[in-house]
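Following this message is one structure expressed as C-alpha cells.
The letters A, B, C and D name the chains in turn, as written, and every chain counts its residues from 1.
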Amino acid sequence: MTKIRTPIIIVNCKTYSEATGKKAIELAKVAENVSLETEVCIGLASQFVDIAPIAHTVSIPIFAQHIDPVKTGSSTGHVLAESVKEAGAVGTLINHSERQLKLVDIEAAIARARETGLVSVVCANNTVVSAAVAALKPDMIAVEPPELIGTGIPVSKAKPEVITGAIELVKRINPDVVVLCGAGITKGEDVAAALKLGTEGVLVASGIVKAKNPYKVLLEFAEAITKA
Amino acid sequence: MTKIRTPIIIVNCKTYSEATGKKAIELAKVAENVSLETEVCIGLASQFVDIAPIAHTVSIPIFAQHIDPVKTGSSTGHVLAESVKEAGAVGTLINHSERQLKLVDIEAAIARARETGLVSVVCANNTVVSAAVAALKPDMIAVEPPELIGTGIPVSKAKPEVITGAIELVKRINPDVVVLCGAGITKGEDVAAALKLGTEGVLVASGIVKAKNPYKVLLEFAEAITKA
Amino acid sequence: MTKIRTPIIIVNCKTYSEATGKKAIELAKVAENVSLETEVCIGLASQFVDIAPIAHTVSIPIFAQHIDPVKTGSSTGHVLAESVKEAGAVGTLINHSERQLKLVDIEAAIARARETGLVSVVCANNTVVSAAVAALKPDMIAVEPPELIGTGIPVSKAKPEVITGAIELVKRINPDVVVLCGAGITKGEDVAAALKLGTEGVLVASGIVKAKNPYKVLLEFAEAITKA
Amino acid sequence: MTKIRTPIIIVNCKTYSEATGKKAIELAKVAENVSLETEVCIGLASQFVDIAPIAHTVSIPIFAQHIDPVKTGSSTGHVLAESVKEAGAVGTLINHSERQLKLVDIEAAIARARETGLVSVVCANNTVVSAAVAALKPDMIAVEPPELIGTGIPVSKAKPEVITGAIELVKRINPDVVVLCGAGITKGEDVAAALKLGTEGVLVASGIVKAKNPYKVLLEFAEAITKA
C-alpha cells in the first residue's frame, strides 16, 4: 500500500500548523483511511522531521517536500536523499514554487532521487518550464501556476490551457512522465476536471490541510477519481 | 539530561553515512554513554529526519543542523522551528559554513529559535563575523575557520588568535553569549586547548563521526573537559 | 567635488526607467546642479552599465548599487570592485534590501571595497542588524526598514526609535561609522528630521527619481541640510 | 557589423584583470580587427560597467555576461535588460556556470531578453540540461562542461559525445536554437573540431583573454572557421 500508483492524490503538508508533528500523523491516518476505503493512492508530503514518525504509523506513500542535490559527506543542514529514504519516504517533491532550485540542481536532485529509489515529483509553474523539466527525466511533473496556489481557484478550471499545453509539450519530449496538476484545488469536481484534462492526479495543500473536515474533502477527491 | 549545560561538546552528524539513520542512533547512544560516565554535556546535531527517532531513544540534547527563518504556513520544503522543537530537538545550528544564510535571515532564524525555545548556536568563520553575530544575540557562537574544517589541524592550536580575538570582540558586544570553537578538532588535547583559550566547548564533526572508535575519542574529549 | 562629504544625500536609481541610461545622466546633472548651488554633497547610486557614462559627464560621487565579494578572475556575471572603481565610482551600496547578501559575503564585500578604495554603504533593515553590520566596519550604514521603502511614510517620522536605536548600538560598537537613514523620505522636513535624530544623511530613491520635478525636491532636501 | 551572424566566436571577459576597463577596450579592438580581416563574427561578453565604453569604441557585437529576470522598477543592484540594451549590448549570456540561475529565472531572463531585443545565449553544463534549456526557447545554447573550463582540454576533443548528444537532443526539441560549445578551447583546431561536431561557434574565455598574444590566437580561431 506504500507503493505509488496513478491516479494519485498528493497532500502537501507545507509548514502548516495543522499538518505538523502529531497533527501530521493524524492527517496521515485520515489519508490512509480514505485510501483504504476508496483504493485510491493517496500520498503525503510531510516536513522532514515528520517523515519517520508518519512512515512508522501509516502505510501510505510518504514524500519529502524537497531534497538537496548533495551526496553523503560534508553537507551540514542539507537534506540527503539516502536519509529521506531510510526514514521511510518513497518519493520527494523537487522545485516546489516555495523552494525553487537552480536548473542544474534540479537535474542533480532528480539524479539523486533515481539513485536512491525515490520517486521524483518536480514542480513547474507554467507550460514552458514543464517542458524543460520533462527533458530532465523526472518520474512526475506537478504543474502549478503559483498565482493560483492557496486561492481556491482551481487551475483545472481557471487555466485549463496551461495544463493541456503542459501535457502536450511534456509528452512530446518525454512520454513516460506522469503529469499532475495543482493550485487552487478544493473540490471533487476540480479533481475530476484535472483528470479530464489528461493529468494523472493532483498535488493539493490547503484544500485538504485547512479544510474543516479533511476526511470529507479527501473522500470527495478520491471518489472523483474512482468515478472518473 | 537533555538540558544544555556548558562546557558542551556538540557532535555534528553532517550528512555523513556514518551518522545517518540507524547509525545516527548508534552514535547518539555512544554520546549518551560518555555523557553519563563523565557528566559532561554532549549534544548531537543530527539530520532533520533523524531528530525524532534519536530524541525518542536517548536523553542527550539534540540539535537541528539548520532552521529556516519561516513561520507556520506556506513554506514547502523549509525547516520550521516549531516542528524541530516538537520532534524533540532542544537547539539548532544556524549559518554553518556549509549552510550559510543572508544576514537578515540569521537574525530572523535566531528570533524564531528564541520564540520556540530552541537554543541557537550560530556559526561564524572569523573574528569580525563572530562580532557581527554577537550583536544578533544568539545563545551561542561557534567560531569555525572553514579552511580548517575536516583537516585535523585544530583551530585551537593553529589559529588560537582567531578564537581569543573572537571571544574578546564577542564579549564586549554581548557578554552573555557562550563561545564554542570548531574545525580540525580530533584529540582531547585540542579540546583542552580550546577551553584554555576561553571557549566553553567545541563543535566537532569528522573528528568523532569518522573516528575508528567514536566512543574512545569522545571519552577523551569529555575527560579533557573534566580535567580542565 | 567627487569627494564624499557628510551630511550626504545618496539618490538610488534602482532599475527605474526614469533613472536608466540617458535619463540617469540627466538626473545626475540635476544632482550636480543642486550640489553646486547648495554645496551639499549629493551622490548617485546608478545601475552598473550607467556608471561610466555618468562619471564621465558629472563631478558628483557615483556609487554602484552592489558589488560582489569576488576577486579578479573567473567570476562571469559578477560585479568586481576594481571594475566599478575604474569605471568612475567612488563607493558602493552593499546589502540593499532588494539585493541582500549572506553575512560572510557582506564582510567580504566590505573588505573588497576597502582594498579598492571604494566607500562602502551597507544597508540594514533594523537596529539589531545595524549593530551587526557596524561590527563589520563599513564606512557607512544606511538604516532602511524595508516595509517603509517606496511608501512616502518617512522612517524619520514613522519609526524614529529604529534610527536612534540603531545609532546608539552602532556607535557603541564602532564610533567611526557614518549612519544614514532611508525609506519613505519625500520632503525636506523628512531630511531635517533624519538629521535631528543624529544621522549624517539620507538614502533616497523614488522620493527623487519619481518626483514630478526632481530638481525642486532635491533642492528642498539639500536646503534642509544647509539649514540644519 | 554589430549584427550577430553564425558561426560566431564569443569571447567572455569574465572578471579577468586582462579584460577589465581599458584593457577590455583593447581586447575589443583586437576582436574587431580580426573580425574585419576574416569576416568572421566575433562577439565580446564584457563586464557590465564596460559595456557602454566598449560599444562606443568598436563595432562588434557586445554581450552582457548576465541579466536578471527583473523589470524596470525597484530592483536595486540588479541587471536590467533594457539598461544593458541601451548601453549598447546586442545580447547576453544567461546561466553561465559561474552565475547560475533558478530554472524559472532562466525562463524569465530569456523572456526579458526577447522583449528587449537582446540575443540570449544560455549556458548548459551537460546534454540533459541543454535539452531542458532548449525547451525554454533561447536564441543560442552554449554547452560547457564546467569541469573543463579553464583547463585547456577542449570539450570538442575530450568530450565530443557531450556536444553531439546535446545537439541531437536540442534540435529535436527546438530546431531553431543555435548550439555553441565552450570549455578548454585554446587552439584553432579545437574550433575546427567544434564546428565539425555540428556547433555553430564557440564561447571562449581564458584561451583568448589569457593568451600571450590574443590577436594571434583569435586569428587562428577565426581562420579555423573560414577554412571550415
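Assume a residue touches a chain if its C-beta (ideal position, glycine included) is under 8 Å from a C-beta of that chain, and two chains touch if they have at least 3 such contacts.
Computed from a predicted structure; not experimentally measured.
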Pair with more cross-chain C-beta pairs in contact, given A-D and A-B: A-B
Centre-of-Cα separation between subunit D and subunit B, whole angstrom: 45
Chain centre separation (subunit A, subunit B; CA means) in Å: 34
Centroid distance [mean C-alpha coordinates] between subunit D and subunit A, Å: 38
Shared-contact residues (touching 2 or more other chains) in subunit C: none
Graph class of chain-chain contacts, one of line, ring, star, complete, other: ring
In the complex, subunit A residues that touch subunit B: 12, 14-17, 20-22, 45, 47-53, 65-66, 70-80, 82-84, 86-87, 93, 96-99, 149-150, 205-206
In the complex, subunit D residues that touch subunit A: 95, 100-104, 106-107, 125-126, 128-129, 131-137, 169, 173
